[in-house]
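Order as written gives the chain letters A, B, C and D; numbering starts at 1 within each chain.
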């Protein structure tokens, strides 16, 4: 088991390095940061001097080595645009994105899992068909349209919820959280729903498919034949076994949720990493873009490591050696 | 008839599934409209001389101030909405289908080989897939877009926009195919017909493509439909983020992006008609995907 | 102004872009300068009508015996941290702003020396006569020498932030209360401001909102009091709602098409590859005649624009009243001109446009391309974000391009210097004349205009330049960019033509 | 006491109702083990499912009465039926690997079952569970109860399953193929357990199985079913010893005896095609015998698999699949290879065919050495000379290929016949030779039954003109009557074409019928090897002896 975890960590490091390389090398081509950093009237000679100062004229490999080396030292460089340390910029935005992503994930689980269970247990019900159809339409509308619609319905027309930003936040040891104020929750609701819709459908369909699969297994039929109470059978037996594969897929998807929050953040002016990333693209702020990619990849491998550990926790077959 | 239908179970299921039939009908109509757009459409939205700003912002035919020539109205450039949508669907489908083809060829090829050879080759492919997964679709697309912008001469960037977008979407989809193909191949590798073929000394490529591939097509087909839907949506989202197609050669996604500007201004048709159209298209494809899933996995029926 | 001194008034506003820095000398961009004008002040400032008025300098006059200006500084002004404002701070700020590390140093190209005369008098020596110099430094903001030195911010931050990136110490009406870049910036009134307070804001919160629909929603849902700008097409929606108002005005920015005058052949043509038809003024005039500005105004701009005949709008000093006509929309005339020039069937060429720089820039170019096509000028339109756009223009990678120009000095001399004079890298002239339009008479007149003190003589020379460039169709000026702000009804504010938003003119009723 | 009368079960389908079972009558008394026997499709599992009320949707009981004691099972509401399940009727499934919830401990599963049916405290339920496990033969039950299912071996797991079924003291247990997935030794223990429980606790057992030997060993009464109908019912000795119904007779004829060798099974010859149609193929095969008879000799063959790696620093442990195996198969003879699951039988076949690379030893086909695994080139002659018939006829034919494509592939691949039409003709003829209609060539595998598919698989093997045939459990997926046909076919072909055959099976009786010599494999080692008759009548190895003893057989006295 220790070996298993070590192996996954080794693979994670490989993924991180590859992403760092990609991030750096690809963004090296995005455009000329100099024209963005300087004003309308800056002379060509001044631009060239700045280029030299920033090391943009050095050979490519040299620049990458510097990039990775600095990163390992915890030095993520400075933004071309704001001249702030990238580490500060990104880390100050991480709470917003993570809270959005996690709440979206929780919403999608809170709704998706029961809906999946219901539709799996009553595959022919009218409500099942309605749920399936609604969610299908839900995932077929582009996220940004859903977001804007929600804003106009609940923000502008009904005036129930704020239309942008994080609302009230509380600083807890450097972590700026929306979760401790009513205002924060109100602001979080619409973006989280927008971000969660796609995930919700995915979760529901996955749970439904796995659950139907599990309900046909011998151990469920045997539990039926022993007269195990239905509620216990559905939740303790079937759902637990359903969640084993579902957790992996959700883990794989979480990185996508974080990345897809780019769209949601841009619609709701949610001050997270995604918004920062979009601004950085606009200004060709290469250090910020590069670090963002690396951070996203880091979340991805981290979540998957957690999923692996969860697996071990849930599934005794991985935890306890076979004695036979 | 019954005997015929019994033989082709999928067909039988199909004619007994109203949702699938309606979806197929709508998808087929849209596909036909897209294919024959140059013959059906009133104007060619790519030909700047064929429309005039003078006709701009006309509402659909049933509203006041409309021009009956433009049944669903015109946009802010004076383009007929119907024509734009037909051409837009054409472009969206071209991008979606070509991205899908590239992703399928790449993903299935790698997945088959990984499943067939296993071991180190498999490990390498899966690590590459991990890296790809760590960069979700939207980031991959942004990356590809960025690199294309950087390395292509500006002169041809415009012409290669569709190709770049297609490649970007394709790269974000191939992992799906690779993982599914790999998993299915692993299952097939234990089947005795594959062992028989290997034992005979058949060429690995023949074993992979002639023997295994036809047996794993089912799940791949399901992925194809689902991914076609997500490719179309992804293209729309990229357009929203401003890295999609230019406004003068609009896809459905670009039309929606343009329409977003008119969300509040009263010209609702510029946003909602393409949106409804897109949703109908994507829902249809998804329903067909569901249907195929049911056919290939009868236990879920 | 009636509510002055009333209870606490928090004013919230939004705009599309966040000021990148709080350092007044680090970045020469409109969002930064506009925002910091609420915190820092210059020697002179612009009033509500854009006129130059005293600020930290109470008066100024030309130097005698040499080129340059003497500024008499205001006494009893303190910085927000309480330290006194003196000529030392002006000299220091000049040195800081004209350093290689400063992005605004080009403002001081005409300055050869700055001398402190006494504690409240300072001389700026110019290399040549420069009647407009005081006007050109309205955005040159003064910061406190001791504060900057003490906090290691003697120079603007270049590749890393410094204290001045996130902190301020100016003399202006507001001071920075908190800053979360890209998210939220809060300003508080400066209790010790020297000037009469004309606002009743006790706290001002700024939020950048990039997505225009989100911004509008924020206004309509009441979460913000004011937003600049809003999209043209939403004006009716905002006006139609109770409790909201739209402020319409005109920027000083004129939108125009430019040509690759010095290109020997078209770059993007599929039919004419060996020559450049745009070197023929008849072809350029044909292009001008092809444009239906009335339709552009009605459909794209909802009637909010004024057609432009020259590179500055009416009202800017130096505007040529004598040359107010622009080529009419006349497709037949355009075709005739093309036939005369030897292109009866027209030709194709490449048109470059940004898609995120000016209001409706992309839509405008699409419409223009469509109109050009109607007379046989088949434009291959290529649009892109501005980050790619300037490099393309600098590399001469265009046949025709879109440009907007706002005269930084609010004088006609500015576009003549940047857009009409032949390219001259050494003298930094014609630096935005991408197509290198070149006319010996224009080149000859520019220095004369710059040095002429007599307004009538100066105007005569400007009129001649405008006439020459109209005659040769150096550019096709299209219209003046509109300025659309929206606010709640209870907000009173002043919309200045440079799109700068000044908190000191805001009152919340 | 369970009484079934006139039971019919129907499955509605799109093409009208399909009758799964019809007019089934059966009575099972307390303490009685009632065997329900029949081939696939007989509907025996449906009877069990109908009784316990777990028919696969959308099946339903169309007619008849089901009574358990005084309770009419058909009148119960779904809730009542669910409460009754476990309480009065319980069930044991075939595969102990899959019948237990892998995420729950044995304890949790036992306690929840006990508590579901009686109002006892957790500790009382735990005590009862521990006692039960002890009774069922699990040592150290108080500790073992905390384990998860995967920590038990297959046989132990089936005991746990039985414990679960018994834990609520039901009147009736339906055991659906309870020993089919088990090796003979374990099977015998489980059967003993069932017998003991029936006797001591007076539980009625419905023992559903296809294995006549199992029935003969433990059942008191037996019901024979075919195609949803009862053929014959009565005391076990009577039904199996002196069958009255012709179907039962035919069934008994097809069962291979363990204690003697019969030349041919008395089964109706498949007369789908005239054997004359097979002349072309027969001649073609005969003319291809340039090598005469080809034997195979294995010397000290050892195969090791790397186990899963568990540490960065230690090498993964080896798992020895074949340990120093020496085996000499005489040209033109049939070598039988028997062994339980995991003994290395299939690894041996894979080593010969090159799918597995041995770590040591030599293999010699005829007089040429066989290169190992990947070092054997794709064009090595052995790839043609050695062919294989696989266990699962459902997976050994590519379901996406036409029979014609499947059969002509070797002809084309080995370059035997250049002309496509000729290839097709030969394939048709070969189908006739193995007893199939030649027009099968245009169809797809799913259009055939398992037996027919296995014939096609044999035809494919023959079309490579092999000299050495490996049959890996060729009949274990088939019903006994079909098994008899295939065994007859293999015997015929072997004698006609002088093939050398390695016949692998776990079924000792089948091997006895086929093999000239028999080798017994256990844990990758040859335990015993010799003339088949000698091995069966006078086994020298203790392991062979116990295998022979534990294999359930019919008492000789019953046999005709």
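We take it that contacts are C-beta pairs under 8 Å (C-beta built on N, C-alpha and C of every residue); 3 or more make two chains touch, one makes a residue touch a chain.
Remember, it's a predicted structure, so these values are computed and weren't measured experimentally.
Asker: Tell me, please, which chain's centre (mean of its C-alpha atoms) is farthest from the centre of chain A?
Answerer: Chain D.
Asker: B-C versus B-D: which has more C-beta pairs touching?
Answerer: Output for the comparison: B-C.
Asker: Can you compute the centre-to-centre distance for chain C and chain D, using the mean CA position of each chain? Integer Å is fine.
Answerer: Each chain reduced to its C-alpha mean, chain C and chain D end up 86 Å apart.
Asker: Cα centroid separation between chain B and chain D, in whole Å?
Answerer: 47
Asker: Once you find the CA centre of chain B and the CA centre of chain C, what distance in Å lies between them?
Answerer: It comes to 44 Å between the two C-alpha centres.
Asker: Would you mind pulling out the distance in Å between where the CA atoms of chain A average out and where those of chain B do?
Answerer: Here the centre of chain B sits 24 Å away from the centre of chain A.
Asker: Where in chain A do residues touch two or more other chains at once?
Answerer: 31, 148, 152, 266, 278
Asker: Enumerate the residues of chain D that touch no fewer than two other chains.
Answerer: none
Asker: Which residue numbers or ranges of chain B touch two or more of the other chains?
Answerer: 149, 260, 263-264
Asker: Who touches whom among the chains?
Answerer: Pairs satisfying the touch definition: A-B, A-C, A-D, B-C, B-D.
Asker: Using the touch definition up top, name the residues of chain D that touch chain B in the complex.
Answerer: 14-15, 350, 353-355, 377-380, 383-384, 386, 388, 390-392, 395-401, 409-410, 413, 460, 464
Asker: What residues of chain A sit close enough to touch chain C in their complex?
Answerer: Contact set of chain A toward chain C: 31-32, 35-44, 46, 49-50, 53-54, 78, 81-85, 89, 92, 148, 151-152, 155-156, 159, 162-166, 266-269, 271, 275-276, 278-279, 282-284.
Asker: For chain B, which residues are in contact with chain D within the complex?
Answerer: 2, 6, 12, 16, 191-193, 195-203, 211, 214-215, 217
Asker: Tell me, which parts of chain C touch chain A in their complex?
Answerer: 18, 20-21, 26-29, 100, 103-107, 157-162, 165-166, 180-184, 207-211, 213-215, 217-218, 220-223, 356, 385, 387-388, 390-391, 394, 425, 428, 431-432
Asker: List the residues on chain B that touch chain A in their complex, please.
Answerer: For this pair, the touching residues of chain B are 127, 130-131, 133-139, 142-143, 146-147, 149-151, 229, 233, 236-237, 240-241, 253, 256, 260, 263-264, 275, 278-279, 282-283, 286-287, 290, 299-300.
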